[in-house]
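What follows are several structures.
In what follows, subunit A forms one complex with subunit B and a second complex with subunit C.
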Partner chain A sequence: MSDMIEYTIKRLFTGIFVIFAVTALLFAIMQLMPGDAIQLIANPRVSPERIEELREAWGLNKPAYVQYFYWLSHVLKGDLGTSISTGQQVSVLIKARFPYTMLLTGLSLILQYIIAVPLGLITASNKNTRADGIMVVLTIILWSMPPFWLGILLMLVFGIWLKVLPISGYSGLSSLILPLMTMTLPSLASVFRLARSEVLEVLREKYVLTAYAKGLNRKRVLTFHVLRNALIPVTVMFFLSLPWLIGGSVIVESVFAWPGMGGLLWKAISNQDYPVVQGIIFIIAILTVISNILGDILSAFLDPRIRLEIKGDNL
Partner chain B sequence: MNLLSVDDLAITFETQEGSVKAVDKVSFDVKKGEIFALVGESGCGKSTTALSLMRLIPEPGKITSGKILFEGKDLLNVSENEMYSIRGKQIGMIFQNPLDSLNPVYTVGQQVVEGLLIDNMPKQEAWQRAIDIFDDVKISDSTQRVNSFPHELSGGMRQRVMIGMMLSRNPKLLIADEPTTALDVTIQAQILELLKELREKYNTSILVITHDFGIVAEIADRVGVMYAGKMVEVGDVYKIFENPSHPYTKLLMKALPRITKNQGRLETIPGNVPNLAKPPTGCRFHPRCPFAIDVCSKSQPEFIEIEEGHLCACHRGEF
Partner chain C sequence: MSIKKLYKEALRNKMFMVGLVLFLLIVIIAVFAGSIAPHSYKETDVTKALLAPSSEFPFGTDQYGRCIFSRVIFGSRIALAVGLVVVAVESVIGVALGLIAGYYGGKIDRIILFITDLTWAMPPLIMALAIVTMLGPSLNNVVIAIAVVSWAQFTRIVRTKTQAIKNMPFIEAARAFGESDFNIITRYILPNILSPIIVLTTLALPSAILSTTSLGFLGLGAQPPAPDWGKILSEGIDYIEIAPWISIFPGISIVLTVLGFNLIGEGLRDLLDPRLKV
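Take a look at the complex of A and B:
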């Protein structure tokens, strides 16, 4: 147990390093983009002197590394800065939108796994039946749909033709359905395919034969021996996919005008509103690091061989 | 009295290359309390035969004919549900490679207890029983060891766990498919000793599968020699060692590693086990047989009783 704690602390330290490396890299990339936020928001009639003044006020004429350390020192004090285009506190902007993104991505993630994992187990253990074949083809189709395209298709069908669901913005829980479907279906397909192939692999293991030879019935073998082992890579995938989902939410949130961080990030990038971009990426980096650590801890919890490795590394 | 009677068993794998007749009209008996060895080179259908006794042959294998009489009941006519109460309880089985026969995510104790719980034994009693079994299979520190994970144990230890696990419910028959092949020589001898000892203690019959006549000599009471899906010679072990009749048996005995070790050279039988999708006509061994004559490629030899308790299927068996 103390090995696990030591390991977690080590991972947290590297995680903090990763978070700041990511934000520094992002800063560098933003510098490479032509123009800046002031140019984009300023009225063309504003005099060049006034623009220079504004740049100075925002610190944009300082060297990049000075700007970065300025940002960093404020972050360490808990201040994410101010949006250049709206003048609002970045933390206020994010706080207002963070719950919407978490609602969408969190629900999507849970739905994906709750549906896909049992389905993967059932189809894999009935391989070569018609139902298995249908599921495999269906998920290939879903999986190959670009979310953007799928979102528009769902909008057309449910919002415009059937007129049963709102297609844009947030006006209660019914607004959640279409973005949630758009986000969930393609990923659900890939989780299903992972779960199915993992189960198939475990089914070929000798210890499954041992379990049957011992006298266990099929249900017990499938849940206690097969599923339990197949869950190890699936769990890792669960935690690794969280940041990808938030990334994916940029498109989905923009298509459905969902009031989450993804939409905010999209706007902030087009406006080169770097404090907002930095703030959001900073939050996503933290979530990524935390979910990676959680994934590793949980997989160590599920797999004693990984625990042994951790113990060995700590020696 | 026969505990197990396999009668004209035939098993086919339908593959892209055609039907592989892995087991072709094989018959043998295992008597109460005896150790019967099935011996033959790799690919002769020994494992398939063993798995069929548990009705666990992998896809796309099918039992196409025959009977498997266990205490007089034909296991091929039994429902899958009834098989659940036969596997582990009546017939146990251990496999060649103890490294991957145990589930890596559970402790060895949990895996033994899991079997005992099928018989509705109270949990605490089951754990105590698991510890006793570990003592029986000579795992030192049994109270600690039940809490080990498989990867924390050596290959020999894991095979001991497998043996204990499969004997824990007192089955009448234990099938051991190449139980020592993956282990080194000193451990091999210990495991064989253990099997002999436990046969007495648990009053179990053992069907042991091997490619090594040295193991046959060490533990078996009777032996069946299999070649390319066919049984070619069956008999009491001392009779077969004294008077091996089938050329395949003779060559297999010559390839015996323990004898050749002193001579410094291991003789192997020239040629390979044929592809069982297209087995040779006549006697399946004739292409490799130094004594083959015309008739060998034309007709399949029937079993002939060489002496009491000793059968051989060879056109030239009298030599």
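Take a look at the complex of A and C:
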């Protein structure tokens, strides 16, 4: 157990380091950008002297690393800066949007696993039947669908032709259905494929043969021996896929005008509203690192083989 | 497996064959776009705006009266070209780093491993989005952004495969004969890990095309009037109620193209390296 605690602490430290490395990297890239926010929002008639003053006020005339440490010291105090285009506090903007994104991605994640894991187990234990073949082809088709197009199709069918669901914005729970479907279907296909291939892998293991040889019935072997082992990578994936879903939310939210963080990021990017972009990316980096750490710790906790590897690890 | 046997099995693999047919179709369309498309992809004619599909305009027209069919046909060039260049760049970088990390181990390995971890510290789409925004929207920058966020998958797998064979007797023998590290890596290791690299490359292509169209959809790809599939589709959203064909047809072409490559990739994996996890 003490190994686990040590490992957790190590992972936490590398995690914090990674968050800063990523934000610094993005800060560096931002500086490469032609022009800056002032030029973008200022009226062309504004005198160069005034622009210089504004630049001074925003701290945009300082060297990049000074700006970064300035930003960092404020972030540590919980201040993510002010939006250039609206003048609002970035933290306030994000706080208002964050719950919507988490609602969408969280529900989507739960739905994916509730549906995909049992399906994976069932199809894998009936490998090479017609149903299994159909499922495999169906998942490849879902994978090949750009999420924005899937969203538009769902919008057309349910919102415009059948007129049963609202197609954009947020007006109660019925608005949730289409974005949720758009976000869930492609990832559901991935979870299904992972669950299926893990079950297939475990079915080849010798201990499954042993279990059958002991005279256990099929149901018992499948639930106690196969599912338990196959679930380890699947559970770990649960945490690792959260950041991917948040990434995808940019697209889904912009298709459906969903009032979440992804939509906000997209708007901020088109307005070149650096503080907002930086704030959201910072939040996403934290979420990603946390879910990666949770995934790693969980897999070490569930799988004794990984625990043994960690002992020799000197990261 | 001998080439002949591989060829026979490939013919029997349905997924692979369907993928191959789709692939050939899309290549033919891209190459002969000029003779297939009935109209120009950029010529506007407002008197013919938002027309429904007809014999003159098989996929209808957009708000400027441009022929969607012709735009989709020419768009295949953008999708294919960007996809191929991205995959070429990311696979060369990824494989080279993977070979170096796996072969030398030690400090070099740890540094490369840390960089790959870093690229995974952000959702790829967000990272690509940030990079293209910073560099400015253009096809070149899309290529850079997608390559930057996706080379690491090659490194990860090539590194493990290299580690697995670098201490095998035939490598030891080569070393004993005084072969240089470069020769050992390129002539002894690389040919032996070629099948996972081929599978990875074919599977990286569809995801590169999907990312390209996603960035195009967000307006960061090829700039108007270039017929970027993602861009055509997103412009159609405003007219979705009166002219759904603007968004439907480019979507179908994306699905068929990506599906073709996915099927080829899946088929190749079954043929070459069934246990490879991507």
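The rule is short, and it goes like this: the second predicted complex is superposed on the first by the 310 of 315 C-alpha atoms of A that agree within 3 Å, B and C clash if a C-alpha of one lies under 4 Å from a C-alpha of the other, contacts with A are read in each partner's own complex, and residues count from 1 in each chain.
By definition in this document, a residue touches a chain if its C-beta (ideal position, glycine included) is under 8 Å from a C-beta of that chain, and two chains touch if they have at least 3 such contacts.
This structure is a prediction, so every number in the text was calculated from the model and none was measured.
**Student:** After the alignment on subunit A, I want to confirm one thing: do subunit B and subunit C clash, or do they fit together?
**Tutor:** With subunit A aligned, subunit B clears subunit C, so fit.
**Student:** In this superposition, which partner touches a larger number of subunit A residues, subunit B or subunit C?
**Tutor:** C
**Student:** May I ask you to decide whether A:D303 touches subunit B, subunit C, both, or neither, giving the answer as first, second, both or neither?
**Tutor:** A:D303: touches subunit B, not subunit C.
**Student:** Using the touch definition from the top, say if A:V277 reaches subunit B (first), subunit C (second), both or neither.
**Tutor:** second
**Student:** Pick one for A:H225: touches subunit B only (first), subunit C only (second), both, or neither.
**Tutor:** After superposing on A, A:H225 lies in contact with subunit B but is clear of subunit C.
**Student:** Taking CA centres, what is the subunit B/subunit A/subunit C angle in steps of 10 degrees?
**Tutor:** For this superposition the angle at subunit A equals 80 degrees.
**Student:** Touching A:N217 in the superposition: subunit B (first), subunit C (second), both, neither?
**Tutor:** Only subunit B is touched by A:N217; subunit C is not.
**Student:** Would you sort A:F98 into first (subunit B), second (subunit C), both or neither based on which partner it touches?
**Tutor:** A:F98 contacts neither subunit B nor subunit C.
**Student:** For the superposed arrangement, tell me the lowest C-alpha distance between subunit B and subunit C in Å.
**Tutor:** 11 Å.
**Student:** Residues on subunit A in contact with subunit B in one complex and with subunit C in the other?
**Tutor:** Common to the two interfaces on subunit A: nothing.
**Student:** Considering only the defined contacts, which subunit A positions touch subunit C in the complex?
**Tutor:** Against subunit C, the touching part of subunit A is residues 18-19, 21-22, 25-26, 29-30, 32-34, 137, 140-141, 143-149, 152-153, 155-156, 160, 197, 243-244, 246-248, 250-251, 254-255, 265-266, 269-270, 272, 277, 281, 284-285, 288-289, 292.
**Student:** Name, in rising order, each residue of subunit C that touches subunit A in their complex.
**Tutor:** Counting only subunit C, the residues touching subunit A are 15, 117-118, 120-126, 129-131, 133-136, 206, 210, 213-214, 217-219, 230, 233-234, 236-237, 240-241, 244, 247-248, 250-251, 254-255, 258-259, 262-263, 266, 277.
**Student:** List the residues on subunit B that touch subunit A in their complex, please.
**Tutor:** It is residues 54, 56, 81, 84-89, 92-93, 95, 97, 100-105, 111, 114-115, 118, 149, 151-152, 162, 165-166, 169 of subunit B that touch subunit A.
**Student:** Can you list the subunit A residues touching subunit B in their complex?
**Tutor:** Subunit A residues touching subunit B: 205-207, 209-217, 224-225, 228-229, 232, 302-305, 308.
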